[in-house]
Structure formats: C-alpha cells, structure tokens
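Got a structure for you, questions after.
Each chain gets a letter, A, B and C, in the order it is written, and its residues are counted from 1.
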Amino acid sequence: MRRLALLALVLALPATAAAEPNGRQLFVDGCASCHGFDARGVPGVGPDLHGAGAAAADFYLSTGRMPLDVATGEQPLRGRPAYPPDEIRALVRYVGSLGGPKIPQVQPKRGDLSEGQHAFASYCAGCHQILGQGGVVTGAVPPALTETSPTQLAEAVRVGPYLMPAFDERQIDRRTLDSIALYVQEVVQDPPDRGGWPIGHIGPIPEGMVAWLLAGGVLLLVARVIGERMQR
Amino acid sequence: MIYRLARFIDTRTGQAPLVKKLLRYVFPDHWSFLLGEIALYCFVVLVGTGIYLTFFFDPSMQHVIYNGPYTPLRGQQVSEAYRSVLDISFRYKAGLLIRQTHHWAADVFLVAITLHMLRVFFTGAFRKPREITYYAGVLMLALAMFEGFAGYSLGDDLLSGMGLVIAYSVVLSIPFVGGNLALLIWHGPFPGTTEFFSRLYIAHVLLVPVAIGALLGIHLITIAVTHHSQFRGPRAREDNVVGVPMWPGYLFRTLGLALSVTAVLFLLGGLVQINPVWEWGPFHPELSTNGAQPDWYLGWLIGALRLMPGWEPHIGHYTLIPNAFWGGAFFPLLVFGFLLAWPLLERRFTRDHGYHHLLDRPRDAPWRTAIGVGFFTWVGMIFFAGSSDRVFVEMHIDYESQIHVYQVLVFVVPFVAGWLAKRVCEQLRRSDAHPLRGAGGGLVRRTPTGGFEAVSDSTTTRTPEPTGRR
Amino acid sequence: MIRGAPKLLPRHRAPRRAELAVFWALLLAAAAAAGFIAVYALGADTQWLGLLLGSAFALLAFGAVVTAKALVPPEQKEEQRHSLDHDRDDLDIAVYVQEADEGITRSRLLKSAAGVAGLTVAGALLVPIASCGPFLDVAQLRRMAWSRGRRLVDDADRPLRAEDIAVGAMVPAFAEGVDRKRLDASLIVVRLDEDDLHLPDKRSGWAPSGILAFSKICTHAGCAVSMFRYPLFSPKVPKPALVCPCHYSTFDPARGGEVIFGPAGRPLPQLPVAIDERGELRAGGRMSGPVGPSWWGVQEG
C-alpha cells in the first residue's frame, strides 16, 4: 500500500512541475537561435532584448509576430501565436526580468471617443489609415488595427515595434491612450457603416471597382439584352 | 385621347409634321450604341439627386462645434459644409440614400462615358460629319471629371481636403502664372477663405452643369441631324439608316435603359456605402491619412503624380517646372490633346475627307486600333500604378520596386500592346472570325465528282432573318 | 381604330406570357414603391429605402424592356439619309451676308475698330474677376510663421519641452499664436540619436539633443507628412525617414530633410531648434527653405 502511494507521488511530481512553464527554458528552446542564449542578440540576426521589456515581449508574442515567420518577409506580421497563453506569460516574465517597460495598463472605458478620434487622426492615421485599415510606408506595411486588443494596442504605442515610432506617456498620456483605445474599439473594430456594405473601408479604390464591375457589368448586360448584335 | 391632345398642340404650334417625323425617326440599335445613353441617364439622376442635396447643403467654411448624432466627432471643430453633409447623412430621412445615389451616379457616369468614348474611338464614329459631336463629347468628359472632383471636395472631409491641397499644388505648379492663379482661385494661400468654397459650390451646382447641358444639347442635336452611324449589315449602307423607329420600339427600349440605370443607382445608393465622410473626419491641413485616393476617374492623375521622378529644374531663384506639373497638368493636357487632335490627325494621314456613316469594326482600321490600344494602355498602366500601394499591402510586393518597374514598363508595354493589337486585327480580317468566339467555320459542299468545295460567302446561304431579331 | 390614317406597323400578336409578365412587374413595382413610402415613414433605414426604390425601378425597367421586345409590334425600318451638303445654299448664305457690306466704303476700318472695341469691352467685363484674390501679391505665398524665438506648441497649445521628447518619437507641432490652418504653421518634430545626425555644416546647431523640426507640409503637393519610420532596433535599416502618405515622398531627417525617394523636387524645409532656459523648444531662426509645394517663384536657401 505504501509503495503504491510512493509510486503515485513520484509519477505526479513531473506533472506539477510541467504546470508552471519555465520562461527561461522556453526562451532557450525557441528564441535563442536569433536572440542569443543570453538574450544579448545575434549580430545581423536578432536584436538584444535587454531593455525591451515585458511590454514588447507580450506584444510580439501575443500577436504571433514572434517567432518571426521568414516566409512573409522581413516585417513581423500578425499571426497565430506560437505559444499558449501560460507559456507566453512565462516568456514575458523572463524577458521582462531583463529590464524595460512593463505591460501598460489601458482602460478604454475611461477614454473619450471624440478625443480618441482626434488623437488617432493626429498620431496614427498617417500610417494606419483613418479607419485603422492599415496602409503603406516606404519599407513596411503598417498593419490594420481591426484585430488588436486594447493591451496590444497600448503596448505597440509605447514600444514602437518594427518601424513604428514610440509614443511614451509624456507624449500620449494615459487618458489619451484610453481614448485612442476606445476609438479603435468603437469605430475601427465596429465601424458605423450606415451606408451599407462598406467594401473595405478604404474609399475610392473599391468604390471604383464596384462602379466598373458591378454597375458597369450589370448595365452592359442590360444593354446587350435591349440592343441587337451585329448582323453579318 | 391622343388625337385630341395632338390636335390641341398642333393647332397651337403647327408642329404635327415634325412630330410625325420624330415618331418615325430611325435608330440603329446595336447594343454598343446604348453606352452614351447610360451616361445620359446617369446625368439625369445626378441633376435630380443633386437638386435635392442643394436643399440641405451649406457651402460655408464657417467653423462650428459639431453637436450632432455622430458621437465620435462631438465637440470637434468642423466647417458648416461638413456639418451639413453629416446632417444629410444622419439627420434627414432618405438623405444618405440620395447622397450615396448621387455619388454612385457620378462614378457610373464616368464609367459609361469612358466605355462610350472607347466605342466611338475604335469604330471611327468621330469621322465626318460627326466631328462636332465628338468634340462636344470630349469636352463633356473633361467637365464631368472636374465636376465629380468639385462635388466630393465640397464635403470638406479629410480625404477630399487632401485632394484639394493637391489640386492647389497643381495649379501652383503652372509655370509663370501658377502662383498668381492659385491666389486668385483660392482667394489667398491655401486653404483660402470661405469665398473659395462659394466658388467651388457655384461651379458645381450651376456653371458646370449648365455647360454640360449645353454641350449635351449640341451633342444630341448633331447626332439627330446627321442620324446615328451604324455597322455594315445586310441592309445597312452608307446612304441609309436601318434600325428601330422611335415609336414604339425605341422609346420603350430607351425607357427600359433609363429605368435600369436608375434602378442600379438607387440599389447602390442604399446598399453599398460610398464616401462615408463621417468615418474620414473633417479636413485640417496638418492632418493626412494613409490610403487616400481620388475618385476612380482621377486615378490616372495620382498614378502620374506618384510615378514622376523628383525632377524640378530651376534657373537661379525660379523653379522652371515644379514637379507636380508633370503628373497633374502636363499629362492630362497630353491625353486630352490626343483625344481632340485625333480626328484631324487621322484625316491627314489617311487623306480620307469623305463622309462616313458606316462604322468600322476595330479590325477594319488596324492602325487606328493599334495606336488607340497603345495610347489607352499607356494611360491605363499609369492608372494602375496609382494603386500600387494597395498591391504592396495585399501581395507584399515592395512599393519602391513597383514604382521603378512601372517607370520603365509604362513606356514599353504600350508599344507591345499596340503591336499585338495590329497583329490581331490583321488576323481577324483574314479569317473573318469573331474575336471571342473564333472562326464560325465555313460551309462545304460535295461536288458531283466526289470532292469538297467551300462555299465562298457563308452569308449568302443563311436564311433571311425575321425583322428585328438576331 | 382611327379611320382614315395609314397603318404603319406590321401585324403583331403579343404573347400572353409577356403581357402577364409586364402586368405583374408593374404591380410589384407599385408594391415596392409603396413599401418605400412606408419605410420612409417608419424610421427610413437607408438600406431598405435603397432596396425598395431600386427594386421598384428595376421592375419598371423589366416591364419596359419586355414591352419593347415582345408586346409592341417589332419593326426594322430603313430610311434614306439626306444629303448634308448644300453647297448652293452655303454660297447663297455667304453672298447674302456680304451683300450688306456693299455700300460701306470704310468697311475694313470699321471692322478693325469693331474688333478693338469688342476686345476691350470684353476685357473690361472680365477685369472684375481680378477681385477674386490677391493674385499680384505672390509674397503671400512666401509668408513665414516662424522667426527666431517663436515657441513650438503641441496640439493642445502647450509648449513643447525638450525633455518630453524621446529618441524615436514623432511629435506634431505648431507655431504659437499662429492660425493653425496656415501651411507654414505646422511642423513635424522628431528626435534621433545625435550620433546618427549628418546635417549640412551650416546647420550644425539646428538639432540640439538630436531634436529635429521640419515643416509638415510636403514640398511635392502639399499633403501633411504624417509618417515617421523609425527602426526599433539597431542597425537602423531602413534608415529613419519622414514619409508623405499621398505620393510617398520620403525625406531623410538626419540629412536635413533630403529627398531619398519619391516625386518631391525639394527637400523638406528644416526649422532650427533652440532650447530656451525653461527647457522649452523655440525656433532658432527661419526655415531652411520655402514651405509647401513648389511654384514658379519659390526660392531655395
């Protein structure tokens, strides 16, 4: 009887240890090839993560930007996260322990929608488009903001990932950040499309396509029905 | 009854003979002759919906704090013009429907004009005696483009405001007089004063529509007096017109077309969102958004502006040709110059000064078709270059590389396309095939000696067609 | 049947199916239009309004087309074209118009005088258009909101402080006390590492602590240069740049706003930055060049 209990205990031990992911171990397994075993970076491959902070780590990992999918090119793009949430938390704790900004607190409900619209237009629309549909800057594709969580948004604003400039609290204070997050939530992610099918929220290009293909196509068909064909 | 009505009007105007002539007036009825009418009916919808919008729009740059139904803009400073467009969209019943129908009508108006112009060009319909009709048409195309731009710029939203500053820059870029002209039109440096908006408004609701109306009148009257051109057919010759009389056939056909155009425009106006100015926000000169584009019919200009390398030759303190001039002014001048000059050029080169009431199939005029294909391919490529940033977003092809490739291709592909077009024309003429359906095949007949012989002209063996149907 | 008038159209019997189709189409069109009126009265949802009105017209269109193709007698008519050439009449017109001239001896003199009078009167009528704007005063295109000492303020009119601007930040700014709508009033302020600066020698003091200020208005076509690309990690590739979203003119702030890609023909004008005793940013002088899109009289330097 006692031997059975001892056996059970021995078997249970590894299971309890596995329930708490080891951030450092995960880092070594999945990140060190580019960022170095000591997270000091590998020249020409991956940057030094000392000072990057939990904010950057959580942003890149939770949006699936890291590990980098080289097939899509140099710019890290949003994708399915490679790690489950508890492993992400562990990795974030590890990278955070190397110094740098913590995960920012953001509460969209405390923001003001109109202030958010104006701030978004001033700081963000140039790259991300006024409705957050994403856009182009020479050298990169500022992504659409239609899928971002408020926390990821706040992290990006504070960190300035890839080619984005960083906006710290002296420039965009907490209240303004709340407002921007509210704008993204209420307008970017739930656009007030009173006019009907929004065809992409980017304006004249899809509108022109509808005019040509939909209206033009239908009216050409009507003309064909009404008119005659060439007689030989 | 109709007799009594006819009696009343005739005894007061004496025009019964004319009415009789009109009712029996013959319209050749090939389907491609309806493209111009599609444009006409779009214009009618534009005027109707436009008049309605003028009952609500306020063309004033006066600033006001927005306090209307659209919450993300509450408390922000906007112009009265912008505020009135938001009110049309949110406060007034059917306002958004009419506004969107109006804008869709403008986009489709230009689609129809473009298709119509291409048909006219490639069938040689501009030849004597229809030069006046053609010039009126080309002028209407230019006016329609300006009119659309003016219309959507009146809303003073972020997207159209960016378009206006670019227009200002193009005016500025005109050598010698650009600065003076810009100050004159805008009543000062950009963004100008509220008087600029009054001018834009009156141009859009009065001056240009009247001009288009007058040109339209000339266009329709010259078509009527020369009678519409037609394709060669079993009965159609240079000296006659074969087709459907105005009453009853043609009237119901054109009525059907008018009603279809109206139907498409109202369906789009209610179901497919266009120019949601509340989502763009108001215009301020220090703001800009990514992905800003002009309406489709000005896409050729943004392509040209983006493709031009950064040349700006100057002498001393004077800039000879500011960069925006090339794409914004020189390029459209070239294109419209070509369109206006073409009938003259063709007459000179073919030495053909005769009347032409029969239309060419594109294959019957290989040089015209080749040059036309080359020219419109050139314009078309520049047009597509204007949306290469979206190609970057969707297909991850680097933007700068696309621009460099376009800068070369834009001068190579038109020649290739033109050459190909000429080859296709010559082939089609030889084989008399249908461009899409291929050769119709021929008829062969067994000779008494056992061989086969081709029947030379397949049309002679076809049974006569019933009237009016294919 | 009206007696006495000729019968012009061929005999035709409209198919019953077509007649019924038109009848039902018209009835349904009426229903759709009535629906439109009802929806308008009850809340006026744009999508329903468009669907109902559009459908009404589509049904009417269907009715008209079926009428044209099946109900009314079909007919292909052939008609002779009339000559458009009336040379005899053209000659008569020319002669008749010129006949009025015969008694006038000083005809050419009068015609020249009429020409001069016509042109000048037309000119006089056109001249008031000059009141539309200060078209002779091109100096207005060169006006400058910035001179030494003017403070830089943010969107909320607060003075910009050097210590509030981090390396890699992008800060939209304005001239204090100047109408924001003026193209020469708005700035884009960025901060680079001082080691990364390669400003021309004449501008060696223009970027204290690496803080650079440029006109926000693109020299190509006047849009706001609202994009700043700044790599998060070293090496800084692609290099930090100010990019305009309209036609992607790309300017190098480290080199004083030089154009590195795109159609802009002039560099982005740079404003020298000075940090005053309170740590606030002020203009250290005038802009390096004219603000805004190029024009004939625009001058460099």
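Assume a residue touches a chain if its C-beta (ideal position, glycine included) is under 8 Å from a C-beta of that chain, and two chains touch if they have at least 3 such contacts.
The structure presented is a predicted model; accordingly, all values stated were derived computationally and were not measured.
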item: Maximum centroid distance from chain B, chain identifier (CA atoms); value: A
item: Contact-richer chain pair (by C-beta pairs counted) among A-C and B-C; value: B-C
item: Innermost chain, where centres are averages of C-alpha coordinates; value: C
item: Chain A-chain B separation of Cα centroids, rounded to whole Å; value: 41
item: Centre-of-Cα separation between chain C and chain A, whole angstrom; value: 34
item: Centre-to-centre distance between chain C and chain B (centres being mean Cα positions), rounded to whole Å; value: 17
item: Where chain C touches two or more other chains, by residue; value: 46-47, 50, 61, 65, 68, 172, 224, 226-227, 245, 248, 261-262
item: Multi-partner residues of chain B (each touching 2 or more other chains); value: 96, 100, 253, 256-257, 260, 264-265, 268, 270-271, 287-292, 389, 399-400, 468
item: Per-residue overlap in chain A, given as positions that touch at least 2 other chains; value: 118, 122, 125-127, 135-139, 194-196, 222, 226
item: Footprint of chain A on chain C - complex, ascending; value: 46-47, 50, 61, 65, 68-69, 155, 163-166, 168-172, 190, 224, 226-234, 238, 241, 243, 245, 248, 250, 261-262
item: Residues of chain B defined as touching chain A within the complex; value: 29-35, 38, 70-76, 89-90, 96, 100, 104, 107-108, 110-112, 115, 158-159, 231, 233-234, 236, 253, 256-257, 260-261, 264-265, 268, 270-276, 278-281, 287-297, 299, 361, 387, 389-390, 392-393, 396, 399-400, 459, 465, 468, 470
item: Complex contacts: residues of chain A adjacent to chain C; value: 47-48, 118, 122-123, 125-127, 135-140, 159-168, 170-171, 194-196, 222, 225-226
item: List of chain B residues in touch with chain C within their complex; value: 3, 24, 26, 93-94, 96-97, 100-101, 129, 162, 165-166, 168-170, 172-191, 195, 199, 225-227, 235, 238-245, 248-249, 252-253, 255-260, 262-271, 284-292, 302, 305-312, 314, 317-319, 322-324, 327-328, 355, 357, 389, 399-400, 403, 467-469
item: Contact footprint of chain B on chain A as seen in their complex; value: 72-73, 113-114, 116-118, 121-122, 125-131, 133-139, 141-142, 183, 186-187, 191-199, 201-205, 207-208, 210-212, 214-216, 218-220, 222-224, 226-232
